[in-house]
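A short worksheet on the structure shown next.
Going by the order they are written in, the chains are A, B and C; count residues from 1 in each one.
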Amino acid sequence: MSETDKTTCFEPWNEVGKKPLIEFRGVSKKFGALTAIDNVSFNIYEREFFALLGPSGCGKTTLMRMLGGFETPSQGQIFIDGKDISTIPANQRSVNMMFQSYALFPHLTVADNIAFGLKRSDMPKSEIAGRVDEMIKLVQLGNLGGRKPHQISGGQRQRVALARSLAKAPKLLLLDEPLGALDKKLRQETQFELVDIQEKLGTTFVIVTHDQEEAMTVSSRIGIMDQGKLIQIDTPDRIYEAPNSVRVADFIGDVNLIEGNATTTADDKVIISWAEGQPTLTAQTTTNITDGAKVTFAIRPEKIAMTTDKPTDASNAIEGHIHDIAYLGNVSIYKVRLSSGHMIKAQAANTRRLSRRNYTWEDKVWLSWTDTAGIVLTK
Amino acid sequence: MKRFTWFNAVSLTLGFAFLYIPMLILIIFSFNSSKLVTVWAGFSTKWYVSLFSNDAFIDAAWVTLKVGFISSCAATVLGTMIAYIMVRGGRFFGRSLFSSMIYAPLVMPEVITGLSLLLLFISIGLDRGVFTIILAHTTFSMCYVSVVVSSRLASFDVSIEEAALDLGCTPFDAFKSVTLPIIAPAVISGWLLAFTLSLDDLVIASFASGPSSTTLPIKIYSSVRLGVSPEINALSTIMIAIVTFGVLTTSIISKRAIKRQRLEEEQAFKNG
Amino acid sequence: MNFRKYLLILIPYTWLLLLFLVPFIIVVKMSLSDTEMAIPPYYPYFTLSEGWQGIVNFFSELDFENYVFLAEDNLYWKAYLSSLKIALISTAFTLLIGYPIAYGMANAPPEWRPTLMMIIILPFWTSFLIRIYAWMGILSQEGFLNQFLLWTGIIDQPLTILNTNIAVYIGIVYTYLPFMILPIYASLEKLDISLLEAAKDLGCNRSQSFWLVTMPLSKAGVIAGCFLVFIPVLGEFVIPDLLGGADTLMIGTILWQEFFANRDWPVASAVAVVLLLLLMIPIILFQRSEQKQREAEQ
């Protein structure tokens, strides 16, 4: 399956009547008085690369451990292939897990680690060695098969863990923060490799991560979790461009949040009055907003254009002074102070060299954006 | 900042002298040709000869080794089970009673443990002998084993066991093929501790033993009560030599293993 | 799964119940019985052959006579007090000697520490009895210590040390020293050296930074070490028996004598029960301080 195929055709969640591989039905999990998972229902489809994203302690790991068979739901059911798995122990599920700590068996060699699950399956002994070689090739471990886990580097251990969990060709692979222990550069490379491997094998992957960039890179859909609830499930681009709540917008990427009161117009537009002495904002919206409702207008810094003169054609334009500049190399973030005291972040790509840049501290600038650049949120 | 001072050096030297001089004197006088343990009268190994021809000592040593071996094996099995239950068992009925029964023997004076076991053996009509000493030693040393093994189990990454289950092991298979090999060093030190405690024990063995079963400590105690004797010095020297040899070899072996592992890890890190 | 788990629990549980809890209940029961010049040397004994009435009779025969006896005979009072005194004094001496050693170990270069540690632990592996015996030869009238002191001319008459309380103190300090050193060393080794540098930076000299920083931060180790020495010393038998003299009164030796020499099992049991009650105080205090320590670390 090629990259283009995936983006154009692979949307099983939009197909009517498509059977999900995994189905959570009203699942809750309580640890004593603490509710870790709060009435969660959602589906995951075959061949998906599904990411559970959220801050630590949001319940994403618990949700995954239920799939692996290490936790049982206090309420609700989980179905894999239409079968309720709540009572099936971990060792009898066709689900494998790659652990955050990798959990490699320190007393076994790389090859024995990979063969561990195979030896406990119904695979004939004669085929095991071949399968191990295949897995070693898949994750590009070269000739490290005879080494012990402490004799290889962190990145190599991560590959062994992946190979071991894939060796039994599970229907579903769970990855618990699989790249958390790697440094940034290696992590980015490995993310793409992970996607390649997933596409090559066609196995359904569920990944748990707190790194939004990682979730966006690898997954077909992302489920955002907060305090035990799934607050939005969508494709990475929709999560970013069309968050359904302030919390999602704030969690993913950088965002300016402006609170105000909405006035609806006839043509699906909303006029937001938000501060005394500031021009109202105009935005398009598809959600139903009642007149006079309190809303939050969310706009990403990179959607804001910055000019010295007032733009004539923009539907929204506000004036301010540059308060701070953060130079990040490829881009710079400008913090612009408005006369009302609000601080708006705008991002500009550094296509020119630093010395020739236009703006500096305390310059007067105009911020502008179109009426489709931002999004109006009601919760 | 310089840390190690003269004061530190002097206190360490004096401290170590205090710990080792008595044993050195003991060893030196085991080679004394005089019957008097305190006056040097020339080198001789005759006390070793007379020790080895003393059947009472040889018999007692044999009983001690037998008791030590069997009780430490039993204590290791039971102690490892206890550690596993305490660390991984979760909640079960009577857990707090269970945990207090494990820790109580560690602080219980030996005289009380001995007395209570003796009263038990008498009230159920069990004849005292090697078997009752084994029962008694197993009971108190399994608690020590459980402490050693549970500290290793507690620091052990649970996800390694979960990974084994995930890959198709039954819980018992996971314990046998993953947990046990990893905690093996702690299990072995638990066994060694149990064995040493058994070899060393005088008080509990005195209560639990019968007339036919004298262990080495009981034998040493009864002859020491009559005063110092060069034969005991010779016996002590042998025991000290065995222990020193054992402790030194195990520590050198484990030190080498740690060093090799560290080297290999560095190598792996360098190779990326 | 659950069935296996319970089987796993059941085996050691039953073992401990039968060989730890039941014997202890028997001791308590024995302490409430009367001494008899018979075999077995106590009354009443528990039997099911007389049915329910027999059990009722059995319980009605139990009384606190032995405890009254312990309270009235001041030998036991003195023995308990003297055990407490000996345990307290020897714990203090062990601390005084052990702390500088632990401090020296913690200040030693890191590559020496495992070796130093082994030097401390090695005597622990050798027989306890032998280590006590070694002191018998040193402390006796014609022993090594007296010979040495006579030779240096410090004394002209041999000192009587063996079979006195001083010998008991020496023996206790000697055998329990590792129990004091190891926890103190563990807490000193954890101490972050930058704290001492900060103290120096803020104007402390060496001894000030020791008393203001090192000492308070090693408190947990000192407390643990003191309990680890105090608790077992309270019930000690071998050391006072071999090194002590006629005036050395310790409860462990009293219990032994009551049982083996006097064959007074009920009184010996009562002595044991009182000793255990006495031990509960330091044990509970120790548990509390460990608990506090754990909470502080979290």
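In the analysis below, a residue touches a chain if its C-beta (ideal position, glycine included) is under 8 Å from a C-beta of that chain, and two chains touch if they have at least 3 such contacts.
Please read these numbers as outputs of a predicted model, since none were measured by experiment.
Undergrad: Based on the touch definition given at the start, go ahead and assign the chain network to line, ring, star, complete or other.
TA: line
Undergrad: Looking only at C-beta pairs in contact, point me to the busier pair out of B-C and A-B.
TA: Between B-C and A-B, the larger count of C-beta pairs in contact belongs to B-C.
Undergrad: Which one chain sits nearest the middle, judging by mean Cα positions?
TA: Closest to the centre of all protein C-alpha atoms: chain B.
Undergrad: For subunit A versus subunit C, what separation do you get between their C-alpha means, in angstrom?
TA: About 59 Å separates the centre of subunit A from that of subunit C.
Undergrad: Just curious, how far off is subunit C from subunit B if you go by their C-alpha centres, in Å?
TA: Averaging C-alpha atoms per chain gives centres 18 Å apart.
Undergrad: Where the CA atoms of subunit A average out and where those of subunit B average out, how many Å apart are those spots?
TA: 54
Undergrad: For subunit A, jot down the residues that touch at least 2 other chains.
TA: 89, in rising order.
Undergrad: Give the residues of subunit C touching no fewer than two other chains, as numbers and ranges.
TA: 1
Undergrad: Give every residue of subunit A touching subunit B within the complex, in rising order.
TA: Spelled out, the residues of subunit A in touch with subunit B are 68-70, 89-92, 95-97, 99-101, 103-107, 116-117, 120-121, 147-148, 150-153, 155-156, 164-165, 168.
Undergrad: What part of subunit B is in contact with subunit A in the complex they form?
TA: 157, 159-160, 162-170, 173-174, 178, 181-182, 261, 264-265, 267-269, 271-272
Undergrad: Show which residues of subunit C lie in contact with subunit B when the two form their complex.
TA: So the residues of subunit C touching subunit B come out as 1, 4-6, 8-9, 11-13, 15-17, 19-24, 26-27, 30, 40, 45-46, 97, 100-101, 103-105, 107-109, 114, 116, 118-123, 125-131, 133-138, 140, 142-144, 147, 174, 177, 181, 193, 196-197, 200, 231-232, 234-238, 241-242, 252, 255-256, 259, 265, 268-269, 272, 275-276, 279, 283.
Undergrad: If you look only at subunit B, which of its residues touch subunit C in the complex?
TA: Against subunit C, subunit B makes touches at 1, 3-5, 7-9, 11-12, 15-16, 18-20, 22-23, 25-26, 29, 36-39, 78, 81-82, 84-85, 89, 92, 94, 98, 101-102, 104-105, 107-112, 115-117, 119-120, 122-123, 135-136, 139, 142, 171-172, 196, 199-200, 202-203, 217, 220-221, 224-225, 227-228, 232-233, 236, 239-240, 243-244, 246-247, 251, 255.
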